[in-house]
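In order of appearance the chains are A, B, C, D, E and F, and numbering begins at 1 in each one.
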Amino acid sequence: MCLAIPARVVEIHADDTATVSLGGVRKQVSMALIEDPAVGEYVIVHVGYALSKLDPAEAERTLALLASLDPTEAAA
Amino acid sequence: MKYVDEYRDGALAERVAAAIAAEVDPGRIYSIMEFCGGHTHAICRHGIEDMLPATVRLVHGPGCPVCVLPIGRLDMAIELARRPEVTLCTYGDMMRVPGRDRGSLMKAKAEGADIRMVYGSGDALRVARENPGREVVFFAIGFETTTPTTAVALVQAKALGLRNFSVFANHVLTPSAIQAILDSPEVTTTGSVRVDGFIGPGHVSTIIGSAPYDRFARDYRRPIVVSGFEPLDIMQSVLMLVRQLNEGRHGVENQFSRAVSHGGNAKAQALVDQVFELRDSFEWRGLGTIPDSALQIREGFADWDAERRWQLRYVPVADNKACSCAEILRGVKKPADCTIFGTVCTPENPMGSCMVSPEGSCAAYHLYGRWRDMEKRA
Amino acid sequence: MGPTDRSAFPRKLDLRHGRVDLSHGGGGKAMAQLVEEMFGAAFDNPLLAQRNDQAVFDAPVGRLAVTTDSYVISPLFFPGGDIGSLAVHGTVNDLAMAGAVPLYLTAGFIIEEGFPLGDLGRIVASMAAAAREAGVSIITGDTKVVERGKGDGVFINTTGIGVTRPGVAPSGDRARPGDAVLVSGFVGDHGVAIMSTRENLSFETAIASDSAALHGLVAAMVEAVPDIHTLRDPTRGGVATTLNEIARQSGVGMVLDERAIPIREEVAAACELLGLDPLHVANEGKLIAICAAGDAVRLLDAMRGHPLGADAAVIGEVIDDDHRFVQLRTAFGGKRIVDWLAGEQLPRIC
Amino acid sequence: MGPTDRSAFPRKLDLRHGRVDLSHGGGGKAMAQLVEEMFGAAFDNPLLAQRNDQAVFDAPVGRLAVTTDSYVISPLFFPGGDIGSLAVHGTVNDLAMAGAVPLYLTAGFIIEEGFPLGDLGRIVASMAAAAREAGVSIITGDTKVVERGKGDGVFINTTGIGVTRPGVAPSGDRARPGDAVLVSGFVGDHGVAIMSTRENLSFETAIASDSAALHGLVAAMVEAVPDIHTLRDPTRGGVATTLNEIARQSGVGMVLDERAIPIREEVAAACELLGLDPLHVANEGKLIAICAAGDAVRLLDAMRGHPLGADAAVIGEVIDDDHRFVQLRTAFGGKRIVDWLAGEQLPRIC
Amino acid sequence: MKYVDEYRDGALAERVAAAIAAEVDPGRIYSIMEFCGGHTHAICRHGIEDMLPATVRLVHGPGCPVCVLPIGRLDMAIELARRPEVTLCTYGDMMRVPGRDRGSLMKAKAEGADIRMVYGSGDALRVARENPGREVVFFAIGFETTTPTTAVALVQAKALGLRNFSVFANHVLTPSAIQAILDSPEVTTTGSVRVDGFIGPGHVSTIIGSAPYDRFARDYRRPIVVSGFEPLDIMQSVLMLVRQLNEGRHGVENQFSRAVSHGGNAKAQALVDQVFELRDSFEWRGLGTIPDSALQIREGFADWDAERRWQLRYVPVADNKACSCAEILRGVKKPADCTIFGTVCTPENPMGSCMVSPEGSCAAYHLYGRWRDMEKRA
Amino acid sequence: MCLAIPARVVEIHADDTATVSLGGVRKQVSMALIEDPAVGEYVIVHVGYALSKLDPAEAERTLALLASLDPTEAAA
């Protein structure tokens, strides 16, 4: 039950909910825990609620860091 | 799936694995506890152990809310569900957890209790609105990740004046559990559990931030890396811990920076604070009774508190003697150390809570990893 | 005595407003009319027209395959099909998995009081169309009605009879170490399509059930490789459970390659959302085939040459393993077990 | 791989306290265990032991008879039998009514969540015993579990396969004017036994269901008179409905003699109390036979020579009648129609 | 079955038939109305018409409580049954009677209304006791035979303080119906209905005795024989009527003397009087609105009166235009005279109430007697 | 529903009910409408209630009357 997964906000509804999309699957979730959600942003979704926004720059930074690890050095 | 698939990339995994292999000190054991059952699950599902050097040992922690709930609290839920006027809404994971006398919510349901599996508290609210003639109780469990979602439901129920809805609250606190581990005799005295550092639960930290761990790192001199849940996140967190350990550091680092800040989600924290307050003490399976380690519903929401509405009383029940869940939750044992793992105790007929939720160590090992133990034994 | 015999049934069934009531299962005239005007008309064929409590026909020469399944799916109508077409496809497929040519079906209906006659008509029409398309005849049937609250709309049992081909004898106990494991296409579509309709999980996806009759695909496969060792359709419990069953029956292990398993992105995403393993999700138009390694390429080609096998893939191999484990090399680079489905996944996907 | 394979199923089914839950229908390990330990053990035979999703066997030579019925009786256990034995007898009888030798049955179970495993075990044991006694094998099966409130304990579908005897071809459309109409014994026992258990009708009687497999009786009958024109078991709707069906199929009328119809006093009395016609009450171990008048005595003798036909009687004759009425000369001296059952009699007698 | 079989004896029947044949005046028509549907049913079931001379004509009367209830009253029951809190208990015969817009209790049940078929008022009481959370309403219909059994249930409910039980009362009075027939223009003016004498309903008279018929015999100069329901009873009653007519007498005679007295069952009458009082007027199908022809629940039992509890209002509804039930209930037509008898209107799909109860003329003819009409037509 | 049928009283119970027997079928019915029912007596049963007692002498008298009808006279 501790599952949480990033999804993109595709539509914001009046009742503090939003439709999010994950790999083509759309689901309506609560935005009650999020300040100012916006279409196009990614949020972490857990048991039908968005928990936090996802920061694309930080996501890139993490991946870049991983990619920068030097396998040749490692293989040594 | 953006922000998922990238963090499962096999080629990048090889790089990280190579880096870890290169950076570990061959003469040293790195004993790392992943606190969270979500991490345990990901480790087993993706086969991460196969990619780590033998000297990096992952110790599974108590961070599974299904696993740590003691039998007595489950029995309260079963008792509630059996009341003819009650519809109990629960996360599916709880259905098979064994209670007293081998009872379970699944069996109570088969015997006629009205029990519905829900995806979250929002669905329970919907059930209550659609069934005005029923007393709908949401069986709320979870760490800080889940607590705010229960808080939202309670605030909404109060705003709607929805009198046939209530919550049986069992929310528990991550820092209390970490402290219990660090203060346990196995860690402090006997040394039978070695925890050199922690992989911190990233989803918890989306809410509470990384700040609450600062004092553990400082006071107990253990590095902590708050980690995401994809396999590359975990591998990277291991690498970060190895580096801290190699360098003799013990700070809190944030691997899951794309979703976690130091302060966490203020809006969620405010909601939790509005609805919940500290419970004087709470019994955890495996960790014992810990003061200030769980939450209860505040007076202002008393009308939506199932414990008050039905005057539920907690009666402690001893765990099944054959079951080693308590030791597993403290990191003292691994699933295969339990004498009934995979024989008497299976996911179909669980004897302990750790065999139920996919985040329980025994279940994760049974589902994904038991060939490994068989190989070792053979 | 045709479907328009108005002397026996002066008023036609009211498909617009009518509902099934207990008299439709009472054995009397109302039942006779339902059987004649709805089932008889839709399934029409000479054996059914015998109108006895059984059908009698010349036994085919050879070996017979017989299978039975009850369909209790909820909802009755779902993206990609309905309980009627499913009840034909599922049973035709169990015949096809013996390498048999499906010939005949029986149909047993258990209908809940109050079920709209119009919906029943739609289901029966869909069943008839599926049977026609699959080239099988529904030769005898049965109708029961249960009180409201004692059923769930309609349950359908179909029993299938087919005749096997000489020299073709796939069976769950014939997988041998070294054999190749193939799947005929994307896995998990049916289960995800069904789950998407469930109120408490509600999510939207373009995924439709893969429900389809596979005997045509099997015909192409056995023509290419008569000695297929094992064929099985991974329905309830999904690919994972089916492979475990086979491993157990044959006394072998398997190793699968996660990267090779065809899974649509939407299916993978829905599974992430729900915490499910796509290998545990049901399929209704896919098959698992196991054959000698040397036959694998020929078999794969034959599968890909058929529309229902266009996305077929070799996903693993059979190994020697006393523990009969099905293992998976993960895309990430590790290894894990692929276990039987434990507990129920979600109720009533077939 | 036998029923005691504890490596796959470490804990035995708990027949004393266990209940069926949704996982028993989920397609996973719990279902595999139920199928193996309960159904597999009770029905054990080589074809079932193939453990595939179908059974494969050499086709018998000749003409096959195939029939299907779902059993939804309430209560599940009743004086004289239970749903398990009934599910065997009913389907065996539909084969016997084609003059066929019953060979194989399939079994499809739809079980309601919460049903006691012990009760299921009793039903399965009774079914196995009935099949053994009837000399038929249950060769393949299916298990579904539906949520509580979506079923009624257990429903069973059985489909039967038999092989007909050369020169024996009874059919509902072969009744001819002048033919004799026979019944194999007392009518109405089954329906009255079931009704006596219903709470809102509650009456006490010593009557037990006549549920029995009739193929042995039929064997004796066709040996004496191979050219029996029509055989049918008067189940739901009773003798009256069955005769009307035959009259309609054959395009004839009939005249019965009320005094000749064997009815037990308790059955007659229960029918008086409830306002029912015993000719509308269900039987599960009786048959109607129609033969040329010249064969009637021989057929009657053969029937009376068999334990299940000891009380057989000629009850009427077939006449020419465009209206296809079944008429009755009343014991009182008048004449009336014997009509189809209208509406439902009482729910779920089979 | 003692006291049943003896009265169905075929040999005795031949004697009575012969006596009737011998005693009828060949030049005279004997037109006899059997008031009661129970008699109609027995006549058809045993084929009595075959045993009477052609000059003895049986005219079927309005004595079937299912048949005479007008659509508007049935609609009230359907409306009640549709209320979510109500469980309606009804005699099975009412289930298929067509109401407004082709509705029926059977259809309401199929659509989800909680409707239970009961054997009698005692079962309805039991249902109420076993389901304290439901409003259990007994749909009471019937002539004087049945009324006391409803009265008993009401007295018991009051004694038990059973507040979730109530009765929707539709009990009607036999003498009112006989009077309506005798006063109808078809009898008094046009002569299209000829009633030379009556076979009186013996079961009604077990309760009310034979006395209430004395005035009809006297004032309308028609012989009346109160008759049992076995075929020999009916045959004997016909013989007794033939004799009275031959002799020009018009008295009340009691063929059913084994169960009927002149005064009837005083205990039952007292119970009925305790619970019920005359209703100002009641609409009968076929017979129109007749003052003082039915009963209503007294003030003292108001709490158990469904009409009061739900403030039910009667809305008259015209019968189906194609249906001739009204004429059949007055004896003006026979079933086969209805243009849709056996074609559009059948027991499976009844268009009128007379095709539903086995005591309805159309149903009895359809089930048992329609070959007769076919033969006549051919 | 207007069915009524004679049955013999075989056992009287405390709650104003009795078990009656008809051709071997036993059923419990209300005696609330009957004065002083006794075992062995016959009653007319309708919708679960005894409506009246059956008088055996009268029953015999009726049958005797029927039997006394002279068929030879009738045949004439």
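The definition used in the following text is that contacts are C-beta pairs under 8 Å (C-beta built on N, C-alpha and C of every residue); 3 or more make two chains touch, one makes a residue touch a chain.
Here is each chain with its UniProt name: A, F = Hydrogenase maturation factor HypC; B, E = Hydrogenase maturation factor; C, D = Hydrogenase.
Being a predicted model, the structure only gives us computed values, none of them experimental.
Trainee: Along the graph of touching chains, what's the shortest path length in steps from chain D (Hydrogenase) to chain F?
Mentor: When the steps are counted carefully, the minimum from chain D (Hydrogenase) to chain F is 1.
Trainee: To get from chain C (Hydrogenase) to chain D (Hydrogenase) along touching chains, fewest steps?
Mentor: 1
Trainee: How big is the rotation relating chain B (Hydrogenase maturation factor) to chain E (Hydrogenase maturation factor) when the fit is done on Cα atoms? Please round to the nearest 5 degrees.
Mentor: Superposing the C-alpha atoms of chain B (Hydrogenase maturation factor) on chain E (Hydrogenase maturation factor) needs a rotation of 180 degrees.
Trainee: Taking each chain's centre as the mean of its C-alpha atoms, which one ends up farthest from the centre of chain F?
Mentor: Taking each chain's C-alpha mean as its centre, the farthest from chain F is A.
Trainee: Going by the contact definition above, tell me which chain pair has the most C-beta pairs touching.
Mentor: C-D
Trainee: Roughly how far is chain B (Hydrogenase maturation factor) from chain F, centre to centre by C-alpha average, rounded to an integer in Å?
Mentor: 75
Trainee: Report, in whole Å, the distance between the mean C-alpha point of chain B (Hydrogenase maturation factor) and the mean C-alpha point of chain E (Hydrogenase maturation factor).
Mentor: Here the centre of chain E (Hydrogenase maturation factor) sits 72 Å away from the centre of chain B (Hydrogenase maturation factor).
Trainee: Averaging over Cα atoms per chain, report the distance between chain A and chain D (Hydrogenase) in Å.
Mentor: Centres of chain A and chain D (Hydrogenase) (C-alpha means) sit 61 Å apart.
Trainee: Using CA atom averages as chain centres, what separation in Å is found between chain B (Hydrogenase maturation factor) and chain C (Hydrogenase)?
Mentor: 38
Trainee: If you look at chain B (Hydrogenase maturation factor), which of its residues touch at least two other chains?
Mentor: 1, 4, 14, 119, 123, 346-348
Trainee: For chain A, give me the residues that contact two or more of the other chains.
Mentor: Within chain A, the residues that touch at least two other chains are 1, 3, 5, 22-23.
Trainee: Find every residue in chain C (Hydrogenase) that makes contact with two or more other chains and list them.
Mentor: In chain C (Hydrogenase), 21, 23, 28-30, 265, 268-269, 272, 275, 342-343 touch at least two other chains.
Trainee: Write out all the pairs of touching chains, ordered by chain label.
Mentor: Chain pairs that touch: A-B, A-C, B-C, B-D, C-D, C-E, D-E, D-F, E-F.
Trainee: Chain A touches which residues of chain B (Hydrogenase maturation factor) in the complex?
Mentor: Checking each residue of chain B (Hydrogenase maturation factor) against chain A gives 1-4, 6-7, 12, 14-16, 18-19, 21-22, 36-38, 63-66, 91-93, 119-123, 141-143, 145-146, 148-149, 152, 203, 206-207, 229, 232-233, 236, 255, 257-260, 265, 267-268, 271, 357, 359.
Trainee: Taking the complex as given, what residues does chain C (Hydrogenase) use to touch chain E (Hydrogenase maturation factor)?
Mentor: On the chain C (Hydrogenase) side, the touching residues are 10-11, 19-21, 23, 28-30, 33, 113-114, 148.
Trainee: Give every residue of chain A touching chain B (Hydrogenase maturation factor) within the complex, in rising order.
Mentor: 1-6, 8, 22-23, 30, 32-35, 42, 44, 46-49, 51-56, 58-59, 61-63, 65-67, 69-71, 73-76
Trainee: Touching chain D (Hydrogenase) in the complex: which residues of chain E (Hydrogenase maturation factor)?
Mentor: 1, 4, 8-10, 13-14, 17, 44-51, 95-96, 116-119, 123, 231, 346-348, 358, 366-371, 374
Trainee: Looking at the complex, which residues from chain E (Hydrogenase maturation factor) come into contact with chain C (Hydrogenase)?
Mentor: The touching residues are 106-107, 109-112, 342-344, 346-349.
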